[in-house]
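Next up, some structures in structure tokens.
One chain, chain A, links the two complexes that follow: it is found with chain B in the first and with chain C in the second.
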Partner chain A sequence: MSFLEYAPAPESTALLNLQSEYGLFINGEFVAGSDPTFSTISPATEKHIATIAQASSADVDAAVKAARTAYDTTWSRLSGRDRGKYLFRIARLVQERARELAVAESLDNGKPIKESRDVDVPLVAAWFFYYAGWADKLDHAGVGPNPRALGVAAQVIPWNFPLLMLAWKIAPALAAGNTVVLKPAETTPLTALLFAEIVQQAGLPAGVVNIVTGAGETGRALVNHPDVNKVAFTGSTSVGREIARSLAGTSKKLTLELGGKGANIVFDDAPIDQAIEGIVRGIFFNQGHVCCAGSRLLVQENIHDEVVERLKTRLGTLRVGDPLDKNTDVGAINSAEQLQRIRTLSDIGEAEGAERWSPACDLPENGFWFAPTIFTNVSTSSRIARDEIFGPVLSILSFRTPAEAIAKANNTPYGLSAGIWSDKGSKILAVADKLRAGVIWANTFNQFDPSSPFGGYKESGYGREGGKQGLAAYLAPAAFGSSPTALPVSTSSALEGADK
Partner chain B sequence: MSRLAVPKTYKLYIGGKFPRSESGRVYEILDASGGFLANAAQASRKDARDAVVAARNAVSGWSNATGYNRGQVLYRIAELLEGRRAQFIDEIVASEGVSPSVAGSQVDEAIDRWIWYAGWADKYTQVAGNANAVSGPYFNISVPEATGVVAIIAPQDSSLIGFVSAVAPALVAGNTVVVVASQRLPLSAISLAEVLATSDVPGGVVNILTGSPAEIAPWLASHADVNALDLVGASDLDWISLQIAAAETLMRVLPPESGPDAALPSLARITAFTETKTVWHTKSLI
Partner chain C sequence: MTTEQAVRPDSAVTKDHAVSPASRAVEVLGGELTEQSLKRYLAGIPGVDAVGLHARAADLGSRSIKTTSKAWALDRIISLIDLTTLEGADTPGKVRSLVAKGLTPDAGDLSCPRVAAVCVYGDMVPAAVEALGVFHGENVEGGINVAAVATAFPSGRASLAVKLADTADAVAAGADEIDMVIDRGAFLSGRYGQVFDEIVAVKEACRRVDGSYAHLKVILETGELNTYDNVRRASWLAILAGGDFIKTSTGKVAPAATLPVTLLMLEVVRDWHRLTGEKIGVKPAGGIRTSKDAIKYLVTVAETAGEEWLQPHLFRFGASSLLNDVLLQRQKLASGHYSGADYVTID
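Here is the complex of A and B:
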């Protein structure tokens, strides 16, 4: 056993008390779905975890009706203070059941337990705690006095951070006074269903939170339901486009958090040790299944070789394997479909002339696995420099001047995240000003906080989640036509003239 | 014997210049009683594309100017508008058929709105941005900034107020605009272009097209280099199709508004064309 080899240290699954079959969570109760059930599996072993109901459009309709009734009869009549108390309860219940949720998440998603335990679930609790405190302070949300809730929110979330994305969606929606129907991703429904139990334990009025499981069709039925007032979607840019098209002409308020191809820029005056860790965190965190991943590394030319060398050494120490093992750094790819996409794009990268490298690592026989991979000699026109791979694959490009770094970083239709590494504060601020991305990490990467707005420019979507901005996404001004104007209204006579 | 008047040729305004439509087309502008008033250029698809190119080229300079500087440049426009008050009143009287005093109050209101927005240029970031108390050793700040090129279908039933109310807020944060003027009442828009051309607004920051919104709008809505689309004056168009076209590049879209309350001054009209950028910076542990 070398110093890098560790004895297995699997987290116990004994505290999981899963049911063999889960229904849809509608109006406070689990009910059977109308369409054929499906199986959710562990991507690390391909073993069956539980049987999941599939919501038909009739089921979705029932969920929206339940949410509407709850909005009309209870939730919209509740004081902000009491809404807040329910959310505080949820935050506490998440903390109490944190380990169980972390194990379930790693089992169903394939992410390392140290990430679900130390990042995902603590952030879920933080998100509910943060927005709980907003519920009785909506006058300060930035949309003027006495803002009102939108009504029923339809929320569709991805598989990369299943429970965290649920929290990003549900916490601000409920704080603002909306009721929700949420659809978790097809491959990761488990923690959303455990969350439904938490909703029951919290004594939330029936229908305020509804969870419908299923695939794309279920999501389509949900966002296109005529009685939905707000749609929030996190996922691919192509589905985001489809939703934006299908909502055209409706009054539904829409926020989209879509794909990215984040640039991580390392200047020659960067603290290199920290930068190497940041590069690893930027692309290999969560197997690279992160929309804001730093998937394009831009290194200043004079330190390129040194950075690549040190990165290779560091990647050699990453442990890939059992997500439930406490020593695992990189877990399983979430699905066979995603694995195929990563393989295809990586092969294209090679075919287009980039140089591929992975550390030697033994991958388990069953399950979906992809070794951490870096590409050097990547041209800006290569597919692996342009397309979102959504896997543990890093494309490395070089630059000479800050202006070139900025131009290359912005040379993408996406605009979600970017990283800057330098010890020179004035340079960081100047570069940050010019990057067209919604979240910029300077000398750090992939940090998240409920008070910090998150969201993209350009084709990475619109609207923000987190912070005051994330709350405003679920609110409307007191009444239509009353805007936060300070202009003396002397307009009436002039405008009457214009009407003639 | 009365002097023979010198009528004006109303042209487009693209990149700080006054070209005719490349198509060579014009259409007749009628006065309130249906008589001939002027020929206006009827902009084509290529004119719209040229305008987007001009607007894109102007984004960097305008959005990187300081808020104080943009505020002064915008205020200067109000000063020049005030100086040309009589010209605007004449045109509004001629094309809308209202009394000079009604036209005068429209011009006054337009100027006041312009000043209201000019004052926001160095303040909206303070009101719409914030420092974030994250739980860790990080400096964290969220600031709104310009989204880029904004295409605007100006309100169609207003000469000046509607146009100003749609264009001014988009400029505040540093966006550049391509605006399709009122088809029926375009004279004020072109006269405003003359104001812009003699002010300190860099060429390309405001580009004005006259002609058929129904013809031009689809090319703007489907243009990949347009970041946002303001459909405030598009209620009579097939605006749902425009929204669908705009979805292709995830354009930020504002819906049509109608009636006298269309495009009332608001901070929301400024922030609608901004992106919130959040910057995290480590703090050392000392």
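Here is the complex of A and C:
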């Protein structure tokens, strides 16, 4: 046996204390759903993990009512300092239960334990700590003095970073004084339900956080519920469009964080070894299930061949397999459906004349797996250069001049992320200035911090999450003549009154 | 090679000078070798992003090496150690004790592998050679090498003549390996040609009467070079001049070996191999004291240069206290429980 075939180092699941069945978390308690239950499985083994309740529109209504009551009777009356205390408590509980949450996340989502342990869960805690600090400083959020909360927020999140996306949504909403009803993705509800336990542990007033599980229908019922004041959605552009359409003409505020086709631009004066790492991190992090993934690699023509050769060598050392093994670099694809999409698009890429390459790697028999793949000779018009694949598939294009790099990078309906690799600071600033993307990384990729706003241009959505901007998305300027401590009725009815 | 050729005034920075036509440099740079051509070549090497380098090193350091992999790693670490004593207070007795430890690291377990070499000051080479007796040299079954630090180690502040005499003296006394230091002052002030010529000259001083050469390890003293760009350039320079190994540190300057700096040097030898097919060794030295740390280095070697680098010809640990920690871990792996410092011998 060679040293590089490291002996198995699996993270123990012994500390996971899962229920066999989970209900909906409404008004501080787990209750049964009205619709038939569904099963959540581990994408690495296809084994059943737990039975999950499905929320009907009546259940969603109950959850929104609970959130409304909690907003009117407790949460909107608490001082910012007191709301902050609850958020700090949640942040500390996340840290205390970090290992358990990481194991659950890897089990349910298929992402490698080293990512859930070192990236997802620490960021979740960081997000709650960050917004806990904001709760009593809302005057400085950028919407003027004495800003108001919006009311009840309906939040729908995707399966790629289940717990982290939950934190991105819940932490700023609660800090700003809103109550929430959140729907986790159908394939990854587990950590949201563990989070519900943390909410109970933290003693959060009943109804401030409600979690309803289910599929698209549940989400539709939630965002279209008439007593919701704010909708926040992260997911595909097609669903985002549908939500925008159905919300048009209502008083609901909306933020959308949708797809992307990020360009990772490598100039010939880049720090080459770190650029290779950045390319790998940009597209193979979380199996490429990242909306801001650097899925289009733009390499300067004169170093194209060298970069591809170095990248291939590096990909040869990636370890694909059991997400719970501490040495795994690339885990399982989240669902059979997603795997099918990745396969289809990759086949189209090949059919359209691009050259496909994957390192030799043994994939497990059960579960959903896709080897890290790169495509060279990709033309800008190819589907794999335009469509979001949302998998471990990299399309490599070349460019000759900075102007061409900028033109190619911007030539996409999306505009979420981009990366620039160069040792020349002036070039980085000049290029970044011309890129139409919400997040631009220089000499790094896929770095997140709660203080940094995140969001997209064009079909990647609107609104920002993170930072002060992410907080403002859950606030409205003070109503004329009213003081924030004496808000007698719900904000929604006030807004509706104004509309009439 | 004459002394005058390498000793130059500072004004040499602006004027161009021919440098020693070391065969590797001639082949890779082509044309006539001059200080300017050397400078231009080194300046053309891509830069290093420190944040990215640290992130990659941290990532490699998080590998989890368990059970059979750990057992293999512990044995391999021992066989890659240059067991070192470099103190002003060293005595022939201490060196004899060091040699005994190197030959029989764990008296309670004779299956324990031997170290790669013992590393001493030049004047202690005869003592080490004598103590090793029939086990002197890697070509003997079960033999280990004698490495000597030379060239006015650790500061390198002496004339070239003294440095060359220091080297030749150690080689004549039986040293199999020479650990030289580069002139950091010359390097930092941009006199690359001087550093280059010195390495070439020291390499020549490693020549034995039979025409063979003692292995040359070139110590960059990365703690004094300050930037990763400098470390990368110095690594290329040392290889171009003929070094068999590039070594991080003397152990007398902090920081000594770190994982990022070793990773960077491994990337250089990997690139050199890609360019020429030739394999150069890497030796992190100083500051590696625990098995846990040493295993991180093994992982970094295997995933950067390749697993074939994990052999004494291509990778060494310069360490004194590391061996005992590895022995404790080894005993724990075999017996299932930890013993203690009294169950391993002090050198």
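Methods note: the second predicted complex is superposed on the first by the 478 of 500 C-alpha atoms of A that agree within 3 Å, B and C clash if a C-alpha of one lies under 4 Å from a C-alpha of the other, contacts with A are read in each partner's own complex, and residues count from 1 in each chain.
Here, contacts are C-beta pairs under 8 Å (C-beta built on N, C-alpha and C of every residue); 3 or more make two chains touch, one makes a residue touch a chain.
Bear in mind that the values here come from a model prediction, so they are computed numbers and not experimental data.
**Student:** Does the superposition put A:443 against chain B (first), chain C (second), both, or neither?
**Tutor:** After superposition on chain A, A:443 lies in contact with both partners, chain B and chain C.
**Student:** For A:118, using the defined touch cut-off, is the partner it touches chain B, chain C, both, or neither? Pick first, second, both or neither.
**Tutor:** second
**Student:** Scan A:126 for contacts with chain B and chain C and give back first, second, both or neither.
**Tutor:** Touch partner of A:126: chain B, not chain C.
**Student:** Quick one: is A:451 in contact with chain B, with chain C, with both, or with neither? Answer first, second, both or neither.
**Tutor:** It touches chain B, and chain C stays clear.
**Student:** In the superposed arrangement, does A:9 touch chain B (first), chain C (second), both or neither?
**Tutor:** second
**Student:** Is A:317 in contact with chain B, with chain C, with both, or with neither (first, second, both, neither)?
**Tutor:** In the superposition, A:317 contacts chain C only.
**Student:** Please indicate which partner A:327 is in contact with in the superposed arrangement: first for chain B, second for chain C, both, or neither.
**Tutor:** second
**Student:** Mind working out whether A:272 is in touch with chain B, chain C, both or neither, as first, second, both or neither?
**Tutor:** Touch partner of A:272: chain C, not chain B.
**Student:** Please indicate which partner A:413 is in contact with in the superposed arrangement: first for chain B, second for chain C, both, or neither.
**Tutor:** first
**Student:** I'd like to check the shared interface: which positions of chain A are touched by both chain B and chain C across the two complexes?
**Tutor:** Overlap of chain B and chain C footprints on chain A: residues 443-444.
**Student:** Tell me, which parts of chain B touch chain A in their complex?
**Tutor:** Chain B reaches chain A through residues 64, 96-99, 102-103, 105-106, 108-109, 112-113, 116, 127-128, 130, 132-136, 138, 140, 142, 147, 157-159, 161-162, 227, 239-241, 243-244, 246-250, 252, 255, 260-261, 264-269, 275-282.
**Student:** Note which residues of chain A are touching chain B in the complex, please.
**Tutor:** 126, 142-143, 237, 240-241, 244-245, 248-249, 251, 256, 258, 413, 415, 425, 428-429, 432-433, 435-444, 447, 449, 451-455, 457-462, 464, 467-469, 477, 481, 483-487, 490-500
**Student:** Taking the touch rule as given, give the residues of chain A at its contact with chain C in the complex, in rising order.
**Tutor:** Chain A reaches chain C through residues 1-9, 114, 118, 269-275, 277-278, 317, 326-327, 423, 443-444.
**Student:** Within their complex, state which residues of chain C touch chain A.
**Tutor:** 46-49, 51-53, 55-56, 62-70, 72-73, 76, 267, 298, 302-303, 307, 310
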